[in-house]
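Read through the structures below before going on.
In the two complexes below, subunit A is the common chain; its partner is subunit B in one and subunit C in the other.
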Partner chain A sequence: MQRDLDTLLSNSERNFILKALKEEQRIDGRRPFDYRKIQYQFPADEDGSATVQLGATRVMAVVTAALEAPFPDRPNEGSLRFNVELSPMASPAFEVGRPGEAALEAMRLLERALRDSRAVDLEALCVLVGQKVWHVRVDVHVLDHAGNLADAAGLAALAALMAFRRPEASVAPGGGGGGGGERGAVTLHAPDVREPLPLSLHHLPLAVTFGLFEGGEAVVLDPSLKEAAAAAGMLTVIATTHGEVCALHKPGGIGISLSQTMRLVRVACAKAAEVAEGLRAALRGHETARVARRVCRRGAQGADAGALLDDAAGAVAVVPGLGDPGRAAAAAGGAHLDALAGSSGARNGSGGALEPGGMDSSDAEEGSRTSARPGEPRKLPRAGLVAAAAVVGGARARQGPSSLPEQAPGDNFEAIAAMIAGAAQGRPHSGDALDLQAAVKPKSGKRAKVRKWQPLGT
Partner chain B sequence: MEFVSPEGLRIDGRRPQELRALQCKFGVLSCCDGSALFQAGNTKVFAAVYGPRVADIRGQALHDRALIKCEYAHAAFSTGAARRRRGRSRKSTELAALVRGALEQTILVELLPRAQVEVCIQVLFADGGVTAACINAAMLAVADAGIPVRDMVAACGAGHLEAMPLLDLNHTEAATGGLEVCVALHPALDRVVLLQADAKASVDTLEAVTTLALQGCKAAAGAMREALLQHVRSLAARRGAI
Partner chain C sequence: MSLAPQQALASPVENTVVGPGDSVLVLPEAGQVRVGAGLHADGGHLRTTRPGILRRTKAGKLWVQGRQIRYIPAAGDAVVGTVVERHSDAYNVDLGGPFAAVLPALAFEGATRRNRPNLTPGDLVYARVTAASRDADPEITCTDASGKGAGFGPLQEGLVLTCSSALVRQLLASPPPPVVAALGAALAFELAVGQNGRVWVGNADSSTVVLVANALANSERLSPGQAHLMVKKLLASVQA
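Right after this comes the complex of A and B.
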C-alpha cells in the first residue's frame, strides 16, 4: 500500500509539503495539530453500525454478535474480533482478495486498542459459563481512503461498539425437571419485549496518528494521503480520555528522540479527550433518536392492543386534556414525533442531550396530541393510539418509586409496554382516570420542550 | 503472584533493572549470505539473510533503493502451548512487518537500488522479549552478511509490574498483561526507530518504562557490538590478516 502511495506524489509536491511545514502550514490549510472535520452517522434501522467521516476518509463499522459456545480456554468470557476490509473502492492501492499487510496492521491496531487493553468487558458477555457466550465481531469497511486510516477505523469501531445493543438473554433456573445434564435453557428476549443492552466499556481508546517529517522535528497530526506519502515515518498513539496510553505503534519509519515521542504522547492524550467529546455528543443524539423511534415501534406492534384501548378506554385517555386551552395550542407541534422517528442518524453534535426524565418532553407532546383528538375524525392515526398508551404508561411510571430523575428512558417504555399488554387483556380500571389526569397536567416549561423537538424533525 | 521478592529479586533471580544473559553467534548456517543466533536467557532466535541480490520478482524492485523482505516463523515447540499451525497468523505477519520496519531504517537501502535483501527469522524458543530478540538477531545476521548499515539497531523490552519498571520481561512476567514496551534504538544516533507499547498506563509510567528500555537497548547494543568485534577478529585471524 505504502509503495503505491509514493507514486501518487510528485517530487515538487513533496518539496512543497515539506517547505510549507517549516512555516507550520499544511496543504489543506490546517495547523499542524488540527484534526480534519469528524462526522458520525448512525443508520436509523440498526444498532451497532456507524460511519465515521474524517475529512474525506470514510469508514463504516458494523458490530454483530452471536450466542455460541465459548473458547475452551476461556469458558466465562465472550470474544471480540475485528476484521478490516480494504476494498479497491477506497483506493486504487488496495487489492482484492486476502487481507494484505496494511489491513492486517489495521486489524492488529484495533485489537490492541479495544481488546488487548481490555476496553470491552468480555466477562460481561458470558451468559452461561462454558456453554453460551456472546461472540462479538466488528467489521470495518473502508469506503474512501484519504489518509489516516488508523484513526478513522478506530473511531468507527469504537462508535459502532458504543451504539451496539445486544438482546437480553436470561437463563431459566436450572434443575426444574430433576438432576438432568441440562442446567437451564437460554432465552433471548426480543428487543420489543426487553430493552436491548449496551456493551460495557471500561474506557474509550482513541487512536491519534502523527506523521513525522524532517528527522522527527516537524510533525503533523492526522496526516492526509499526500502528507502520509511525503512523511518519513508515522507514530500512532492510542490514548484514553483520562490521559492514559493504551498502546503505542511506531512500526519503523524515521527515528525520533524520546523527548519528542513523549511530547507527542501528551498531545495525543489531549486530542483524544477532544475527539471523545464529539463522539459522545453524536451518540447522545443517536440515542435520543433511537428512543423516540422505539415509541413509534411499540405503536406498530401494539396496534391491536391500542385499538382495543381506543375503543374501550379512549375516553379515559382523551378527556383529561379537553378542558385545557393551553394544550390545544401545543397540539400544533404534535406531528413532529413521526418525522423525528424517520430521521436517520445523528450528525455530529446536532442532537441535544437526553435530559434526565427525558420522557417528560415526549409526554408533553403526546399529551398535546391526545388533547387534539376530539377535534379529529373518529378514525384515528395509529401514532395517536401510541400516544395515549404512552400517557397511560407515564402515569404509572410516575406513581412508582422508579420515577426518579435519573431513571433510564427504557424503564418508562417497559411501563408503556406493560400497559399496552394489560389493555389487550382487559379494560383499564376506572381508577386509572384519576392517574391520567395527574399525568397530563400541564407543567411549566413543557411548551418550550415541545419546541425543542421541532428542529430535529424538520 | 509475587514478581519482585522483598530482597529485590525477580522470579528468575534477576534484579529489576538487569538484562538476561545475551549470547550472539555468527555464521551458524552455511547456505545463506549471513546468519546469526541470538539468545537472551531462554529466548532463542535464528536469523538468516539472503542478499543483496537481484529482486526475485522484477516488478517489486525499487528503482532508488533496496527492497527488504522479512519472513517470520516460530517453531511449533517454541511456546508452552503446542498450537496447531495454520499458515501465518496475524501476529507473525505483524512481527515480520516490525522487523522489516526496523531494518529499512538501518540498512543503507539507497546504496543498493533494484536489489533485494531477504531476512528469514525462526524462533526456536519464546520466553518473552521475542520482538526485541528478532530485531537483534536480524541485525546480527545483516552485519554477518556484510550489508552496509547506518548504525547498529538494538532492541529491548521493558515492563511495569508491582509499581516498578522491570527490564527485559520473561514470559511469565509478560503474561500478566501489564504494560510492556519494546523499543529499537540506533545507539550512536540516539534515535528511537521502533516503539511498541501495550496495555493501559499513565504517560509518566510509560516514560519511565521507555527510558529503562532505552538503557537496555544501549546495554544490548554494547554486548552485540562486542560479539561482532570478536567475530571479526577471529575471522581476520583465521585468514592470517593479523
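Right after this comes the complex of A and C.
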C-alpha cells in the first residue's frame, strides 16, 4: 500500500509532538537545536564515495568524472551534475521509476548549494580548452529516510566531492615531436604513476534544516520524519563554514518573521561550522587510511618498507629545494602524508627524475617538459632536475648532464644533492661539491636502495 | 508440486535455525500437530514460511521465532492502527500491513446506532484482528470475544514507536522484560503493544513518554543487566 508521509503521523502523535515542544522536549530526547548523530563512511577501495548517516537517515553519494568535450558556451569549464535517487527501500512513500517531486527538490537544492554557489572550481576541471574537460557527476542514493533528507544529502554529496580524486591528465606540448604523442593529445596517468588530484573546493556549503511550529515561534533543528510531518513549515539554510549564506529554501508552509529568519540563519551558520569540523575530521581519517593502504601496496611490490620510507624522506627534501614554495604550500597538511608515500608533491616536483625514465638525460628532458604543463605557472629549475636525476641515476649522472644547458648548477645543485644524501643517510650535509660524488655512489647499501626504486615507477 | 527430497524428519528439531521453505516435519498419517506462526502444511511436509528459530510452546504448538518489520495480519493479534478513511458503517484502518483493515463502526464496547465513537482519519485505535485471510481485507474489532472493551478502543495523545516483531514479543512476554519492569518501577505510564510492530506510549507527562519510548526502542538487543543500566542512566539524566 502506497502511503504518504502525511498519513504516517496519527493525530495523537501530532498533538503530542506539539505539546512536548512547548516544554522544549522532542520525541527522540534531543533539545530543539541538536543534530542527530552524524557518521561518515568512506569505502576503502573507491575514491569519491561517501555514506552519511544522520541518525537513522542514511544517504550514499558517489562521484564519477568523465573526460569529454565542454559545453559550447563554456569552453574552459567542466561541469557538475547531481542526480538524486529515492528508492522505495528508503521509505514506503517513494515509488520506483522517474524521480518524483521530492527527488527533484533535493536535486535542485544540491545544485543550489554546490554548483550555483560556485563551491567547486569548474575552471580547474578544464584539461584542454574547448576540447577536453572533466564532467563530474554526483549520484546521491537515499538508503534510509528517517527525516531531513536535505541535510543528509547535502552532507553526503559534499563528503563525496571532498573524497573524490580524479586521475591527473597531461597534454602533449603544442610543439609536437615529443614522446610520440600527437599535438594536444591528452594523457591520463594511472593512479600508481601519478597521484590522483582532488577537486578544488572554494568553500563548504552545508544545508541546515529547521522545522517550524506554532506560527514559527517554536523551531527544531534537523527534524525527524515525524516532526517534519507535524511541522507547519520547513526552512533550509545553506551556509558555509565562514558564515556566508549560499541559499535559503523554504518549501511552502507558514510564513515567518524577518527577525526569526535572521536568528535561524545565525544558528545555521554556527551549526554548519560545527558539522564541517566533523566532516573534515572524518576525511582526515579517510586520507590517512588511504595513504597507509598505498604504502602497503607499494611495499608488497618488492621494496621493503624501510627503504621506501627512506627514499620518501629524501624525495620530500627535494621539493622545497627546487625552489617551489607554491607547491609546498599547496601540499600543506597533506605534505607529511605525501612524503610518507613518496607521492604527488615529490613526484611532480622532481619531474620524472625519480622514475626510471629520468635515468638518462633525454628522458630527463622530457620529464621536465611534462612537468611544465599548460595551466601550471610553475617552472622547474633545470639544475635541480639534473641533480635529482644524478643522485638517483648513480654513476651515470656524470655523463648525463652533457646534453643539458651549460649554466652552472651552482648552489642549487649542491644543496639539493647534499640534502638528498643527508636526508637519506640521516646526517647533516657538508655542502662540499665532492660530497656529491660520495653521495652518489657510496656504499653498497645506498645503491641497493636506489635499485629497489627502479621497478616501482614502472 | 514436486519438491526436492529433503531430510525427512519424524520429529521436529526444536531450537534450531530454519530458513524459509525448510521441511521441519513429515506429517504423520494420523494424529494432531499443533502449528503456529511461520509454518504451513505442504503435501506431506510441514514447512517453514520464514527464517527464524523453530520453537515449541509448553502446550506443544510448533512455531518459528523470527524478526520482521513488515506485518502480515493474523487472527487474534492485538494491533495499533491509524484510521485512514471513514465510511458510514466502517472505518478503514492502516495497520502497516499490505492492506488496510476494516473496523466496523459498531465494533466498540456498548456501541449502538445512536451512540458510537466518532473517529476521524488520523485517530489511533488499539484493536484485535478477528479475520485475516489471503483473499480479503483483514477485519478488526475494538472488543474482546465477549463484546467487552478489554482495553481496546481509541488511543489518546501519546507517542507511537515502530519496532520489529522480535521486540513486540519481548514486550508481551510474561513476566515483563527487564526494561519494562525497571521503567514501571520508577515511572507511571501506559503501553499499548500492537503485534503489528507499533507500540503506543502515553498517559503520562511528555518527558516520561519520550524517555519510555526511547528506552523501549533501544532495548531490543540488550541483556537484562544492560537494560537496567540504561534505564538507570536515563532516569538519572532526567532528574538531573
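Things worth noting here:
Definition applied: the second predicted complex is superposed on the first by the 287 of 458 C-alpha atoms of A that agree within 3 Å, B and C clash if a C-alpha of one lies under 4 Å from a C-alpha of the other, contacts with A are read in each partner's own complex, and residues count from 1 in each chain.
Definition applied: a contact is a pair of C-beta atoms (placed from the backbone, for glycine too) under 8 Å apart; a residue touches a chain by one contact, two chains touch by 3 or more.
These figures come from a predicted structure and were not determined experimentally.
Partners subunit B and subunit C, brought together by superposition on subunit A, fit side by side with no clash.
Contacts of A:Asn15 after superposition on the shared chain: subunit C is touched, whereas subunit B is not.
Of the two partner chains placed around the shared chain by superposition, neither subunit B nor subunit C is touched by A:Gly130. Contact with subunit C, but none with subunit B, is seen for A:Glu23 once the two complexes are overlaid on the shared chain. Touch criterion not met for A:Pro88: it reaches neither subunit B nor subunit C. The gap separating subunit B from subunit C in the superposed three-chain model is 9 Å, by closest C-alpha atoms. Shared contact residues of subunit A with subunit B and subunit C: 3. Interface of subunit B with subunit A (complex): residues 62, 90-91, 93-94, 97-98, 100-105, 177, 181, 185-186, 189-203, 206-207, 210-211, 214.
Touching subunit A in their complex are the following residues of subunit C: 82, 84, 94, 97-100, 120-124, 155-160, 200, 202, 206-207, 209-211, 213-214.
Across the complex, subunit A meets subunit B through its residues 3, 101, 104-105, 107-108, 111-112, 116-118, 203, 216, 235, 240, 243-258, 261-262, 265-266, 269. Partner subunit C is touched in their complex by these residues of subunit A: 1, 3, 7, 9-16, 19-20, 23, 25-29.
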